[in-house]
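Letters A, B, C, D and E mark the chains as written, and numbering starts fresh at 1 in each.
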Amino acid sequence: MITLTHYLVLSGILFSIGLAGVMRRTNLLMLFFSTEILLNAVNVGFVAVSKYYGDLTGQMFAFFIIAVAASEAAVGLGLLILWYKRNGSVDLTSLQMMKG
Amino acid sequence: MEKYVYIALFAPLLSSLFVALFATRPKILFMGILASLLIGASMISSFILLFYVNAHGALHVKMMDWISAGNLEIPFGFVVDQVSVIMMVTVTFVSTIIHVYSIGYMDHDKSFNRFFSYLSAFVFSMLILVMSDNFVGLFIGWEGVGLCSWLLIGFWYHKPSAAWAANEAFIMNRIADLGMLMGLFLIYWQIGSFQYDIVFASIKFLDISIVTTIGIFLFIGAMGKSAQFPLHTWLADAMEGPTPVSALIHAATMVTAGVYLVIRCGDIYSLIPHIGFAIASLGAFVAVFAASMALVNNDLKRIIAYSTLSQLGYMFVAAGLGAYWIALFHLMTHAFFKSLLFLGAGNVMHAMHDELNIKKMGGLYGSMKATAILMSVASVALAGIYPFAGFFSKDMILEVAFNEGAYFLWFALFIGAGMTAFYSFRLVMLVFFGEKEHTKYGIHPHEAQPFVIYALMPLGLLAVIAGFFEHAFRGFVTKLLTNYDIQIAHGTEVLLIAATLGIAISGISFAIYMYSRGGFSKTLENRFCYKLLINQYFIPKLYELYIMKPFGAISNFLWQKIDVKIIDFSVDMVAKILYTSGEKSRKMQSGNLSDMLRWMVVGIVILLAVAIFYRPIV
Amino acid sequence: MELKDFQNRNIAPGYIFFEGEKKPQNGWESFKRVVKRSIKGELFVGLWIVFREMIRFDIHTIQYPAEKIEMSPRYRAIHKLLRLFESGNERCIGCGLCEKICISNCIRMDTHVDEKSRKVVSEYTINFGRCIFCGYCAEVCPELAIVHGSDYENASEQRAHFGLKEDMLTPLDEFKAKNQKEFPGFGALSDNADDLVKKTPLAY
Amino acid sequence: MNETALVIETIIKAVIVLSVTAGMGAFATWIERKVLAFMQRRLGPMHVGPYGVLQLAADGIKLFTKEDIIPQNVVRPIFMIAPVIAATTAFVAMAAIPFFPEFTVFGYTIHPIVSDINVALLYVMGVASVGVYGPLLAGMSSSNKWSLLGAARAVVQMLSFEVVSGLSVMAPIMMIGSLSLIDINDYQSGGVISWLIWKQPLAFVLFAIAGFMETNRSPFDTIEFEAEIVSGYATEYSGMRWGLFFVGEYANMITISVLVSIIFMGGYNPIWFIPGAIVMLLKVSFWIFLFLWVRAAWPHVRPDQLMWVCWKVLMPLAVINVLITGIVLV
Amino acid sequence: MYEVIAFYIFSALTIGLFTVVVMSKNALYAMSALAGGMIFISGFFFILGAEFLGVVQITVYSGAIMALYAFGMMFFDTTRDVKENIRCKKIAYTLSILSSILLIVILCAPLFSQNIEALYPSIQNAGNIQMIGLVLFTKYLVPFELAAIMLLAAMIAGIVLASKKMEMNLEIDEEFEEAKDVK
């Protein structure tokens, strides 16, 4: 029988994969991909909790996370396009203005 | 009637703030006139209040709630009762005259406007002090006058001596204020309120030792403000300020705040007569002690300052022995003739081009008759010759001392009265009569402007006639203060008065006699007692030697060893550690998002580890 | 001639100009245009037309390998070399005009003088990879020797097919069977050519 | 055991649906060629089999036996999988569509729907939106500019028209109150009068247009328009992989036809004496015919015109329709 | 049983696909793997009875967001290999593995007490959509509206950002860059 723990562990593993991607990738588009993985991992956890506690709040949260992800994609891509037009690259190494 | 209270209180503030706007500008005569007019308005209001209080009794005004925190509730309230209205009248009256006088005196000063701003601010603070219906307001006024005093003593701040004197006065007052604050805290701790009426109503139910402690602490505050014995040195040094300041602050008003405090807290001190007696003893000591220093001093203003000290001693004797109305009466009369004396001295100084040494004066009567007459009148009043004002008040204090059976105190005051008469006339003789020493220094004295003289006239008049208001005053004031009756047999009383008058007159005659003949011989100056007196009993030296120097040494040690080597070092160490760690960890801020994300994940890992391994101790 | 007339000099006098509808200037106008067109049902007219054609079932398809279209006589397909009706000899006299006029330069001929001292074509090829079937060769030929045929199915495995003299020349057996027809197409004699010929006496 | 039975039943249904629609899709290619030919006064395929019916078999044989060319610079796995995605999404969408009324065989009631989920309509549209990945991945993996352009157009087109289709279908959903296609069908069981097409004509038109759009059929076949971008995303494809795209397109057509029939045209409810299954078949046939008909009749639209119409005409209309429906309902 | 099978299959697939997303050098692989992963995640939602969310996941994530990213990839010319100079991979992997282990330890620990009560208990005899509708338009109405406004704002922002001076190349002047470097 699949229990909540199964789903949460899956969610944790997916989250770690996302973290690895976030740390490893230097292309900003790939970073966005990794971020989506993170969000999805969390969504799985939320929905599982929602199901196993018979409470819709988790689903609601997942719902809003999807909305946030959509906004993030729209704005983020717009910014990336601006940056690409300006710099001809979407690599992180071109984004080091905040160097301390 | 409330509006007169507000006019009396806020006209000086308005004057101060308005004039302060032009403080850095060159002299504007209008500012002086305006300030005088506003203070005059305040004085008129005070007089109206005086008549109102006389007719209807005390007036309580609550302007607004000021502090309301927890149990602490302090309103911005004012009380105009018999005591405070007397103080108000005295303060505003003297202030008005001094404002007018200052227009003439500060004529050539480049900081003319600033002076009036300070002076008005002082009046405002003083009024707050006397009008407040609670100890906190009193303390604010207390500190306000301290601040204004500091500003005014150091008015010519470019002079190092003035700056030094200002700081000295300020610091001494702070020491005393600590005592005052302790007293206030004790009151609040024990009673839970700062309102006078509540405090005085419930003070009776306190343990007598607590009341004693409160009394001592409050008196320490009064000692500082009124320059009583151990803390007296600042007053003489405060003469560095402009003469109107000396007249107003250091003779007529601020220094009497201590006396006012003791009078105000009469309900407290009447519970602890032994403390009152100690106060009286200290007052008597100071009366003689200061008078003795005045005997030999050659500085015009310092003589008067010591005289002030001495007279404050008298007031404390009266207040300490419970004769509050007498103390207040002496306070008032003293304000008149002492400010007159100071202002006359100011005229002399002007005439002598700021020369203060009385040995270098003499024979000024010829060139400044009006001043000479006024100062002579004031001196006579100070010496306590009938029918001048000083006679009535001072003589009564002597009688009080006698009445209380404190013959020793009486004797000391008696001696003091003789000394007072002597040094007053020594001053008058040396300045106005005798050889014209000043011609040696090429000074051509001239009389002050007429309006200055006219401004002094009321003071002179009051110095003469104020004593005749004794009964009216007594009737007025004792509605609030405990009455004090002198129960000495009439014969004894006459005898005492005769003795006092006698010693005063003999002091005067001795002075006139000696100085009309050219003074004492120089050999006297090598005597030990002369040296002791001219050096003010070496007290400043002692202070310097036993307090300032060790304190300086300790401070130096703390600065050099502890502050620099330990505190500064540790602070610097923190900075250095932060700086080097910042320098090292600057690499973390590579601007690379990848690195930042890695650090973020490191944080996540740490937090997760904490979540696993940390067990809160329940 | 005014300037306007000059500018429209290629336009006949009765020409009707069609301005078209005004272009929409902003979004709202284009929106209105879309709505208007939709309501007008222009689109449904198109639908109706194709549907009408479908139900009318008027099929115009020729099922080609089975059915073939009759080529018009003037159809210009693979060339033919004709023979003289009288003798059966080749009509070509080897003048070389066709070779000269060919604009795609695809005709090659070789001639020699035979024992009868007559010029005879020994080789004649047309490169059909290059020929554009313009018909100049047929037009220029003075003897009507080279003409266009109607043979359009010229798919082959070899490039050289159809282009040799042997392929184009009417075979003798065909000729004998009287299958050679006079070419009615481009450059051919008109039907009433005989009438147009001015008779001149040949006796001299 | 019940669960297992359900799984087995579902698998059988899925296989049937897959094979039937695939067959129908193939048949539809023949129909299309015939219909287009007739409309253009042609005969269409005639030679293979009677009236060329076996042409589709011939095509199938050709496609299966043709060489599967994979160009050198393509991203191989993606290139290979893209047609599969295109076809799969087309078929997967059918999982939630009821084709016929339920019927009884050997006392066993059969629902001719693979899986009756209560979000059927949303599901279908979601899967249809995933359908963009076929062209998208094909185009992006092909390393060909025409393909890339085709992919870009596919993305733009699909994303835009999903909005229109979603908004237009919103109004009927609001009226019915359910996303299940069976409920939608049952809502219109009262004869022709109860068809939603009469209540929601605007939504019907918009949804039909969006349907044309999502199937990439003419006049909205911008993503594989020969005159502009050769063959769009499918330029580099040959053989059965290309055939899969083709099958997917026809399966999509069928899906959309069924959807429109169910949502707006009364579904499989019987009319008069005609049983529901026949009615449904007729409707679907009509819709597929309409697809062909329109292709024969109407000209092609430029991509920018397409976007313009989508965002500035259709979407506002859809929103207004939803608003009006909401106001009327409330 | 089928739930178990489905769960494990989907888990394996999502983990595998997401790993491909993270590891692959080829952007196209990453993109398609991510899209696939999203769809399988929606599979989890279907298993968990959240059909609406599953469909939303497919429609929004796979249909819209990933398509947007694909568009971005076309724009950035990264349909092929991504050129990345990846530094210190080991740190990244160590950290992520560590965090995953910690997460799993936390999640497997018996932290979930039984006395958690549902705030919005599922209503009997109501489908997932009805329930979501009820909750969404009562308790979560304000967040819902806010999300709508956020989406609108994001849409406008995206359009404005991406379409601004589309015809212009925004690359910074070389001279300006040099001047900045000198500074």
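Going forward, a contact is a pair of C-beta atoms (placed from the backbone, for glycine too) under 8 Å apart; a residue touches a chain by one contact, two chains touch by 3 or more.
Note that the structure is predicted; figures quoted are calculated from it, not measured.
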**Study point:** Contact-connected components, chain E excluded, all else fixed in place
**Key:** A, B | C, D
Point to revise | Interchain contact steps from chain A to chain D (minimum; 1 if touching) | key: 2
Revision key, fill the gap. Co-neighbours of chain C and chain D resolve to none
Revision key, fill the gap. Note, CA centroid farthest from chain B's centroid sits on chain C
Check your understanding: Does A-B or B-E have more contacting C-beta pairs?
Key -> A-B
Review point. Which whole number of Å gives the spacing of the CA centres of chain B and chain E?
Key: 78
Check your understanding: Approximately how many whole Å separate the CA-defined centres of chain A and chain E?
Key -> 4
Exercise for review: Please compute the C-alpha centroid of chain C, do the same for chain E, then give the distance between them in whole Å.
Suggested key: 67
Practice item. Please compute the C-alpha centroid of chain D, do the same for chain E, then give the distance between them in whole Å. Key: 28
**Study point:** Multi-chain contact residues (two or more partners), chain A
**Key:** 19, 23-26, 93
Check your understanding: What is the complete set of touching chain pairs?
Key -> A-B, A-E, B-E, C-D, D-E
Check your understanding: Where on chain A is chain E touching in the complex?
Key -> 1-2, 4-21, 23-27, 29-30, 32-34, 36-37, 40, 43-44, 47-48, 50-51, 53-57, 59-60, 62-64, 66-75, 77-82, 84-88, 90-91, 93
Review point. What part of chain E is in contact with chain D in the complex they form?
Key: 1-2, 26, 28-29, 31-32, 35, 39, 51-52, 54-56, 58-59, 62-64, 67-68, 70-71, 73-74, 79-80, 127-129
Check your understanding: Across the complex, what residues on chain D touch chain E?
Key -> 3, 7, 75, 77-78, 81, 117-119, 122-123, 125-127, 129-130, 132-133, 136-137, 140-141, 143, 148, 151-152, 155-156, 158-159, 162, 179
Exercise for review: Please give the residue numbers of chain E that touch chain B in the complex, ascending.
Suggested key: 87, 91-92, 95-96, 98-99, 102-103, 105-106, 109
Check your understanding: chain B touches which residues of chain A in the complex?
Key -> 19, 22-26, 31, 92-93, 95-100
